[in-house]
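In what follows, structures are represented as structure tokens.
Two complexes are shown next, each including subunit A; its partner changes from subunit B in the first to subunit C in the second.
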Partner chain A sequence: MTVRHQPMIDEWYPVALASQLPPGGRATQLMGTPVLVVADDPIRVVTDDGRDLPVTLRYGHVWTSLGQPAKQLFDIPEADQPGRRLIEVGVVRVRCSPLRAVENFLDIAHFPFVHTDILGAEPHTEVGKYDVEIREKEDEVWATKVQFYQPQAAKSATGGITTDYMYRVPAPTSSVLYKTCPARPGEWDVITLFVQPLQEDLCDVWPWMALFDDETATTDLIHFQQMIFLQDRSILENQIPRLLPLDPGREIPTRADLTSVAYRRWLKRHQFTYGAQLVAQ
Partner chain B sequence: MILYDYILSPDAYKVRLLAALVGVKLELRAVDVHPGREHQSEPLRALNPAGSIPILIDGDLILTESAAMLVYLARRAAAEWLGGDDAVDAARVQQWLAFSRRLTEHLGGARATEMLLEPGDLPAMQRASTIDLRELEAALSERRILGQSHLAADRPTIADIACFPYVALAPDGGVSLDPYPSIRLWMRAIRMLPGFIEMPGIHRLHDLKPEPVSPAMPETV
Partner chain C sequence: MPVEMLRDWIPVALSADLPAATVLPAHTPSGILALWRSASGKLTALADRCPHRGMRLSYGFVRGEALSCIYHGWSYGQTGQCLRIPAHPELAPPGAIKAASYAVEERNGVIWIAFEPPEAPPPSLEGFQPVRSITVNMDAGAITPNGTVRTQLAGVDVLLIVAGIGDRETIAHVMVDAAASATDRIAVSNAVEGWRRTCEQLGLKELAS
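What follows is the complex of A and B.
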């Protein structure tokens, strides 16, 4: 791997679900480098040449880095809030750029067409005005005041509601979304997409959730999220170009894509370009 | 009727799909196949020693093969889905039901390996899938020349339902459907059936769906 990817090499990535680690470990790769997640106590992550990588256990997953992370793994304070159910959804492999996987997660405009009658429905295809910013202190992308009409916003929803969303990108291949919690008005449900970049056009995606819902069986919560994500997968695998273009002129943004514009700008600023296609200006 | 179900299982979807098409109500029991491997747990192995999904239970009857479930639903609710009963038609339906097992093994295996990281020899399963798809394409092309849109009769039958899901999901396993025009037309005919339901990765035909009734848009703040 070339040094041009050093900024992304120094970030944290998920490489396994701690609860699902087989006794023989998980042989996988990170940005083209083979790594083994070893089921020791504590869990280790090692490279082929025997190098021990830094390890963090958080949000049910094993996180590691090929480089030297300047910061700890980003915080999701809701993960420690009493009463939330922490749901491990499992892994899904997708033949797409890890950056594309995150960008699709941020884009609400596809809901009526891809998640028809669940997260969106025709003719309610309009995405209203919302706020997007790069928060300098946290160094994160945030979209707030996003509202969208949803026929079935969550497993626990019994009818259509207008759902409020906030989106957050705290790391180049991780995104956290906050949405109206049908079971507990005033709180936000937390749904994340943790993406493990295997190669520039291949990733393992690990969705994870922290929800208030005392009724729904865990299996049903997992399946709701798997249904949603598998609806996205075929779209993701067919995107052209496969890598994420990092010239804003390349794909014309609509209002629904404002978050994506900010995400791309933030990626460029940090030279987070593994999985990106740099377009000549 | 109780169906032990998994939202991502094409074999379970076959049964849900036929039940929807013929108007049978199923009581669904979600099984945590991935990542929980609940289908291999003691309680489910007691129902199905093979440790697979779906399982259909109706009173004392326990079925663990989706082809048998399709026969059961059709015979109970809509016998026209069984196809004609002369020797050739009946045998043709059985031929495709048996063929659908190959699809589970090859296309289904490629999909589980490629998408859910199950162990398996992906290139071998993809090669075997291509042989299956060529056979299906040839059969459907021949049917079309005879003026028929479906596999085993002049109407859709359980043979079509048994073969449809894994074929439609072939791209999930890295197998393209671009080379097979007859298969694509056949899939479209199935997706046009009244009462058709989706599964993740198999979309409805948006252009044929009636415009939904618009509920009053809730106030926004």
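What follows is the complex of A and C.
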């Protein structure tokens, strides 16, 4: 791997679900490097040449890094909030750039067309004005005051509602979504997308949720999330190019894409370019 | 049929395989185009990539006189100009949002596209009627040097119009005499599977030798 990817090498990535690690471990790869998640106590992650990588267990997942992370894994305070159900959704492999998977997660305008009659429906296609910022202190991308009409916003929703959203990008291939909680108005449901970059154009996606929902069966919650993500996969595997273009001109955004524009700008600023296409290449 | 015409015009599909208000991926030697027919029957060939996020337009849907991208519903007219962005219904899409469009013509049940507008129309193929299309795992040049094959299948005179669509991949559009009966057409449709196998086996032998 070339030095130009060093900033992303020094970040944390999910490589397994801790609760579902088979006795023989999980042989996988991270940014093209084969790694083995070893089911020891404590869990270890080792490379082919026997190097022990740093390990963090958080949000149900095993996190590691090929480099030397300058910071601890980002915090999701809601993960420790009493009363929430923590849902480990599992893994979906997608033949696309890990950055494209995150960008799609940040997008609401596709709901009526890709998640038809679930997360959106015509004629309710308009995306209103919302706020986007790169928070300098946290060094995170945030989108707030996002609103969208949804026929069935969550497994626990019974009719159409206007859903409020906040999006947060705390790491180049992780995003946290806060959305209206049908069961408990005033609280936010938390849905995350943790993306493991296998290669520049191949990733394992690990959705994870922290919900206020005492009624829906876990299997149904997982099926709902998997259905949504498989609909996204049919898009993600058919975008040209597979890599995310970071320079302007190759793809044309509109006002609804302000989160994507900020995400791309933030990636470029930090040289988070593994899975990106640059004009200079 | 003059060879020159086949160089300019590429046969991509049969008319019967593209009903009104549908889109399909048209394979050409230079890649895939989004080929669609509007509700009123007008044909358009556009670059298979939405300028917004790069999604293949051939996965989209046709409503009225426009092709919409399946990702965000951005719709495009016959010139490739973006007509509507559903996220901002009041916005007139800027002129820069445009998919490249290519020459397309339909003659005698065959749809042809061209990357540069040719001076002459595509061949009329008078006296023939289309039966079906079939793909063959073989280079077009190894099947025929001039883009056509005249042969007999199931005892019926057949014209195959052939175009390469990739490495060892070819599409052949099968035509029979305009007077051929329905029974003959079915017999040819079945027999052309054998012709494909023969081609592919010959290709394998050549690879082995």
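Note that the second predicted complex is superposed on the first by the 279 of 281 C-alpha atoms of A that agree within 3 Å, B and C clash if a C-alpha of one lies under 4 Å from a C-alpha of the other, contacts with A are read in each partner's own complex, and residues count from 1 in each chain.
What we mean here is this: contacts are C-beta pairs under 8 Å (C-beta built on N, C-alpha and C of every residue); 3 or more make two chains touch, one makes a residue touch a chain.
These figures come from a predicted structure and were not determined experimentally.
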Query raised in the report: Which term applies to subunit B and subunit C once both are placed on subunit A by superposition, clash or fit?
Result: fit
Requested in this report: Could you tell me if A:Glu200 is touching subunit B, subunit C, both of them or neither one (first, second, both, neither)?
Outcome: neither
Requested in this report: Based on the superposed arrangement, let me know which partner A:Pro241 touches: subunit B (first), subunit C (second), both, or neither?
Outcome: second
Query raised in the report: Which holds for A:Phe113: it touches subunit B only (first), subunit C only (second), both, or neither?
Result: both
Query raised in the report: Once the shared chain is lined up, is A:Val127 touching subunit B (first), subunit C (second), both, or neither of them?
Result: second
Query raised in the report: Centred on subunit A, what angle do subunit B and subunit C make, from Cα centres, as a multiple of 10°?
Result: 50
Query raised in the report: When the two structures are overlaid on chain A, which partner does A:Gln226 contact: first (subunit B), second (subunit C), both, or neither?
Result: first
Query raised in the report: According to the contact criterion defined above, which of subunit B and subunit C contacts more residues of subunit A?
Result: B
**Report entry** First, second, both or neither for A:Asp213, with subunit B first and subunit C second
**Finding:** neither
Query - subunit B versus subunit C - smallest C-alpha distance in the overlay, whole Å - result: 5
Query raised in the report: Do any residues of subunit A touch both subunit B and subunit C, and if so, which are they?
Result: 113-114, 122, 234
Report summary line: Per the touch rule above, subunit C residues touching subunit A in the complex are 48-49, 51-56, 59, 68-73, 85-89, 91, 96-97
Requested in this report: Report the residues of subunit B in contact with subunit A in the complex, numbered from low to high.
Outcome: 6-8, 30-32, 34-36, 38, 114-117, 171-172, 174, 198, 200-201, 203-204, 206, 211-212, 214-215, 217-218, 220-221
Report task. Can you check the complex and tell me which residues of subunit A touch subunit B? Result -> 17, 20, 88-93, 95, 113-114, 116, 121-124, 128, 147, 149, 160-162, 204, 217-220, 222-223, 226-231, 233-234, 237
Report summary line: Residue set of subunit A touching subunit C in the complex reads 109-110, 112-114, 122, 125-127, 234-235, 238-241, 245, 250-256
